[in-house]
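Following: one structure in structure tokens, then a few remarks.
Chain IDs A, B, C and D follow the sequence of writing; residue 1 opens each chain.
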Amino acid sequence: MGILIDERSRIVVQGITGREGGFHAKSCLDYGTQVVAGVTPGRGGQTVEGNVPVFDSVKEAVEKTGANVSLIFVPARAAMDAVVEAADARVGLVVCISEGIPVQDMVKLSQYLDKMGVRLIGPNCPGLINPAAACKVGIMPGSIHLPGRTGVVSRSGTLTYEAVGQLTALGIGQSSCVGIGGDPIIGTDFVDILRLFNDDPATDQVVLIGEIGGAMEQDAAAYIKDGFTKPICALIVGATAPPGKRMGHAGAIITGDSGRAKSKVKALRDAGAVIIPTPADIGETAQNLLDSNK
Amino acid sequence: MGILIDERSRIVVQGITGREGGFHAKSCLDYGTQVVAGVTPGRGGQTVEGNVPVFDSVKEAVEKTGANVSLIFVPARAAMDAVVEAADARVGLVVCISEGIPVQDMVKLSQYLDKMGVRLIGPNCPGLINPAAACKVGIMPGSIHLPGRTGVVSRSGTLTYEAVGQLTALGIGQSSCVGIGGDPIIGTDFVDILRLFNDDPATDQVVLIGEIGGAMEQDAAAYIKDGFTKPICALIVGATAPPGKRMGHAGAIITGDSGRAKSKVKALRDAGAVIIPTPADIGETAQNLLDSNK
Amino acid sequence: MSNRELRIGNRVFRQGRRWGSCEMKIHEHQAKALFARYGIPVPKGEVATTPEEAVQAVRNLGGRAVLKAQVHAGGRGKGGGIKVVQSKEEASEFAAGLLGKNLVTPQTDAQGVPVSHLLVEELAGISRELYLAVTVDRGRCLPVMLVSKSGGMNIEEVATTDPDAIHAEPIDPVLGFLPYQARRLADKLDLNDGAAAMAGQIMSGLYRLFVQQDCSLVEINPLAVTAEGELIALDAKVDLEDDALFRHPDNQELADHTQENELEAKAAALAIAYVKLDGNVGCLVNGAGLAMATMDVISTVGAAPANFLDVGGGASEEKVAAAVTIILSDPDVDRVLVNIFGGILRCDIAAQGIIQAYKNTGSSLPLAVRMLGTNVEPGKKILRESGLDVTFANTMIEAAHAISQVR
Amino acid sequence: MSNRELRIGNRVFRQGRRWGSCEMKIHEHQAKALFARYGIPVPKGEVATTPEEAVQAVRNLGGRAVLKAQVHAGGRGKGGGIKVVQSKEEASEFAAGLLGKNLVTPQTDAQGVPVSHLLVEELAGISRELYLAVTVDRGRCLPVMLVSKSGGMNIEEVATTDPDAIHAEPIDPVLGFLPYQARRLADKLDLNDGAAAMAGQIMSGLYRLFVQQDCSLVEINPLAVTAEGELIALDAKVDLEDDALFRHPDNQELADHTQENELEAKAAALAIAYVKLDGNVGCLVNGAGLAMATMDVISTVGAAPANFLDVGGGASEEKVAAAVTIILSDPDVDRVLVNIFGGILRCDIAAQGIIQAYKNTGSSLPLAVRMLGTNVEPGKKILRESGLDVTFANTMIEAAHAISQVR
């Protein structure tokens, strides 16, 4: 069990002949994932990473290999095209690692994917992993994961690894870990993932890692209050980001302030989530949650 | 019973203060239809046709009067806006009489209405009528209709009246009559209406009036073969339109030829529909169909 | 090519609309100017309106060129409207023989259409001819890109004889035409990598042209693969949608009314759907479906309609009068059948329009009138009292019989 | 106005993006030039770069005008960057006092931002000030048009104190912004019919600008209603999305790097997300979330981060080196905390980048290093053998403790 991916997942990697695509395809394979195909237009007929066949199109890859999940590493400018190509080839789950997709392209893409009934994870995300099924569709280091019964969902990439690292260090295994991505518009949000965890018999409790900016954590809190039936603990990072500082060209914006982090913490606490006090306390809080719900 | 509209239908007329909108709003009222509101931006607060209140927006009309069906008479350039306004105001059925909406606007509109789950009849259509419910949402002359158990669906306007006239002359009443419109892209097609007739306990048999051009009659034939369970007779007009004649600026195109009409007739006959030999035989054929299914 | 629908199996790609609405055609050289604006490669060329200009254009292009009559009709090649010339003498002679004359093609009537412009273009070395078009897929309610390796031929014939040779890619209006779709289609055209990339750019430009100019059809037939492996649009067809012309005032000026049948042009200007046919029974009908049905019934009784005419839904007395005047202007017409089912159009209005036209033209041709619906009694009364030679009928078939029996 | 999110209740209207990606700001006069292209009325005005030009511009406008410092910072009015002048002497004096100087506003740091351009504009008789903007509604994943009668104020304040005063209309990307939506919003602004129609045209232009130029925010604050009942954009804010700039080469030239913090500008040019903060602990982290978490943990142990820095996912050795160089260039930094969780970025690459930067800058500042993930052992080994003053830590909190204890 676990959510979205499992032993039956057959992965096609779009952009497999690129540096990152190749590196992470191999890393997924090494973890035990069924990477059954790659796609790079004009490179059809080659094989990479041992015996993974490369095709010119996702459609061909799906027809020839039965791929049902796509993992995308193409450059930002080609990413919308790649996601739509996967959706049109009837790949039901698309995981887009690429970052830098213009927001207005994401507006169009989200409309289209809704219409097609295709689930997108990301973009600009680390992907997801199901340790018990030895299935990794993303760029997270597989070695830090441990099969188990705690679900992890996060807007962040490396902070997810941090969370998982703390869990594993205490022997708390994970049912599934999903990094949903940090862009303003993403395909799948906290609530979507929480619903899946709620229905997953292999998940006993959930760790949610949020941050300042947006209102997705408030939405999650509303769902936790109304419909979520499992123990959950949550961390909000960015409490110490200074409010209202005008940023230069570089850093865009400090979108939240500590008040904003506080309002998210409050919403989650009011909804019944256990709050993780600092980023250093993820593992311990999850352990306490486990113990108190035995 | 009957389809789409009945005693509970509450009509808002968009463009009610225009010449056509006013004339036909009155004609619908006279027929017994509950025309509960009109909309003309900037004319809110007036009343027309006795005591029909005019509002500035459909939203307001819906909130104040409980309107659940919209009938649209605005000029072509404003028609897309009017349809979307109705859809966004949660009017579930929109009947657009206006003609001349650009095809590419209809492409966009049909995408949007699909997403919103709103049914559009038309554009460029005469609307629909349910004689037993004394409910008329369109421009057909109400007086030619007779309550009864034969459903009528047609791509045409006046030809629908012709068909109804022949039925009524023989005492064959109608459960519902729908003119779906003749444009290349329309909101509701033959198959949609046939499905509704199929499920309507008040409809015993159906008269379908098709014409050359497009493939909607072939689609209807496929559905009749597979899923339609009631007696049906069908007419295809345009058999004598000369094939391939190059038209001037005016008439566009003779899109079909007699072969095309023949192929539609063949598809419908093969699907089990009784073919109406000429436009003069609609009533008689329907009568025979009734008699043979007694 | 003619203007009929393109169908592949049960799928219909719209290239025309129902009777009663219309596309505006433009000339090849105008279409190519639009192509150039959207980055679609076209041959170097000039427009000539006199033999002297044609000779100068041929000289500018190096002494050899192809001359193409600019008419709104397909079949120009077969009609002698296209010629490759190798000298200025040849050019002068060909131009003089066409300019100011009418060109008859398999798709025109016997009278032909006037030629006032020639397009003089450089010659291209052609290795293959492809087909490329954007139109609307009526079933899917989406724009669609069509390609075929069988360019240069009548595409409806290809669709009939070898439907698998035409490849279609529906286009989502939010996303537009995407690179992966271009790759998929280019793959069907057996192009090398460079030409495939070029084809992708051409498709993308063609789609933008289709959308931004509100076209009902844009077509490149043939899209030539040159000896050097480049792609170039040898012909260009752009049909603009009439209903959307209000958004494109510049495009309205591209109309060439000399290319139209006079009566049809007159009708079009009044937004009356009118098509001249071969018979002698003039037809005044409201509604395209009823007009076709009326023609069918007239044929059933052995008579022949002189025209298709849909006077439209909201016609005024003046519009009806104009429609009847057009009918009466046709020298083939010796009798008139009126079939009006009053809806938006009221019968009394129609009756007044008919009388007005008969008065203005001084016509005395006999009428068979069938009227029903809104204000039918006042309408009949007006006609009855008008002094015109009217036979009333209660049904279409009665009216058809009545008019066919007139001597 | 500042650059934070606008939220009304639980709905978030994006005016900024997460740390790690960016908008490109442009000057008011550049934004107004874009407004004019989209038919949005702006005051007559000229740009001056010298007091003489400013005087000439005031003369051209009839002797009275408003002078506005062109800086990428809100709060110009409070900072003394805007002045209404009634004479050329006044204009000259004000221009001389600003041009070539730095302007400090409530939204800049103490150093301020340089003023090299003044916008000199005609004065408008204002009866009311409205607010109008297009941005993206993150929850609905749609563009949204925002209007308010409370223009001229900080809109976040309005959203906090009187959320009902802001009206939002989501826009479907297929259909675009529709007339009925314009009517609905204009209705909230209490405009007469003429002004409402004008507001509709302005909204429609603003939406097209937003879409066609790939903006993250376009804002008119205030949109003035003049004494004559006309509408005019007194201020203009256009933020362009960095990620989409590749589609708009012309817009790239609108950047003004003099307006940015030097280190932040340097980082931005390398696509490194860097924000200068007040503390002394330089931070090298990969990932925005982990970078924020690291700051939070540093604060937990009583220390203070000198910066936010996300070196990005696919960083090369050179990029890491550049990031560390930027950290070391900050005079406030006296120690560095490294927190790298190897994913796309491998630990060995990060280690080599760190060493390269220390070598190049000759720095000897102490480091606390916490590394995990891909190629972590080679990474640690490289650092261990580098000769740098490195303390290794197994956890974030250990690293924070270690670095806080450095003397």
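In this section, a contact is a pair of C-beta atoms (placed from the backbone, for glycine too) under 8 Å apart; a residue touches a chain by one contact, two chains touch by 3 or more.
Quick caveat: nothing in here was measured; it's all calculated off a predicted structure.
Colleague: Which pair, B-D or A-D, has more C-beta contacts?
Modeller: Of B-D and A-D, more C-beta pairs in contact link A-D.
Colleague: Centre to centre, using CA atoms, which chain is the farthest one from chain A?
Modeller: It is C.
Colleague: On a C-alpha centroid basis, what's the spacing between chain A and chain B, in Å?
Modeller: Going by mean C-alpha positions, chain A sits 48 Å from chain B.
Colleague: For chain C versus chain D, what separation do you get between their C-alpha means, in angstrom?
Modeller: Each chain reduced to its C-alpha mean, chain C and chain D end up 54 Å apart.
Colleague: Taking the mean of the CA coordinates per chain, how far is chain A from chain D in Å?
Modeller: 28
Colleague: Which residue numbers or ranges of chain D touch two or more of the other chains?
Modeller: 173-174
Colleague: Going by the contact rule already set, what residues in chain B reach two or more other chains?
Modeller: 108, 111
Colleague: Quick check: in the complex, which residue numbers of chain C touch chain D?
Modeller: For chain C paired with chain D, touching residues are 173-174.
Colleague: Help me check something: in the complex, which residues belonging to chain B touch chain C?
Modeller: Listed in rising order, the residues of chain B that touch chain C are 20, 24, 76-77, 99-108, 110-111, 126, 139-141, 144, 154-162, 165-166, 182-185, 209, 211-215, 218-219, 237-257, 278-280.
Colleague: Give the list of chain A residues in touch with chain C in this complex.
Modeller: 41-42, 56-59, 78, 80-82, 84-85, 88, 108-109, 111-112
Colleague: Which residues, counting only chain C, touch chain B once they are in their complex?
Modeller: Residues 2-5, 7, 10-12, 14-25, 73-74, 107-108, 136, 138-139, 141-143, 172-174, 211, 214, 216, 241, 243-244, 246-247, 255, 257, 259-261, 264-265, 267-268, 272-275, 277-278, 285-290, 292-300, 305, 308, 313-314, 341-344, 372-374, 395-397, 400.
Colleague: Can you tell me which positions in chain D touch chain B when the two form their complex?
Modeller: 172, 174-175, 178-180, 183-184, 187, 193
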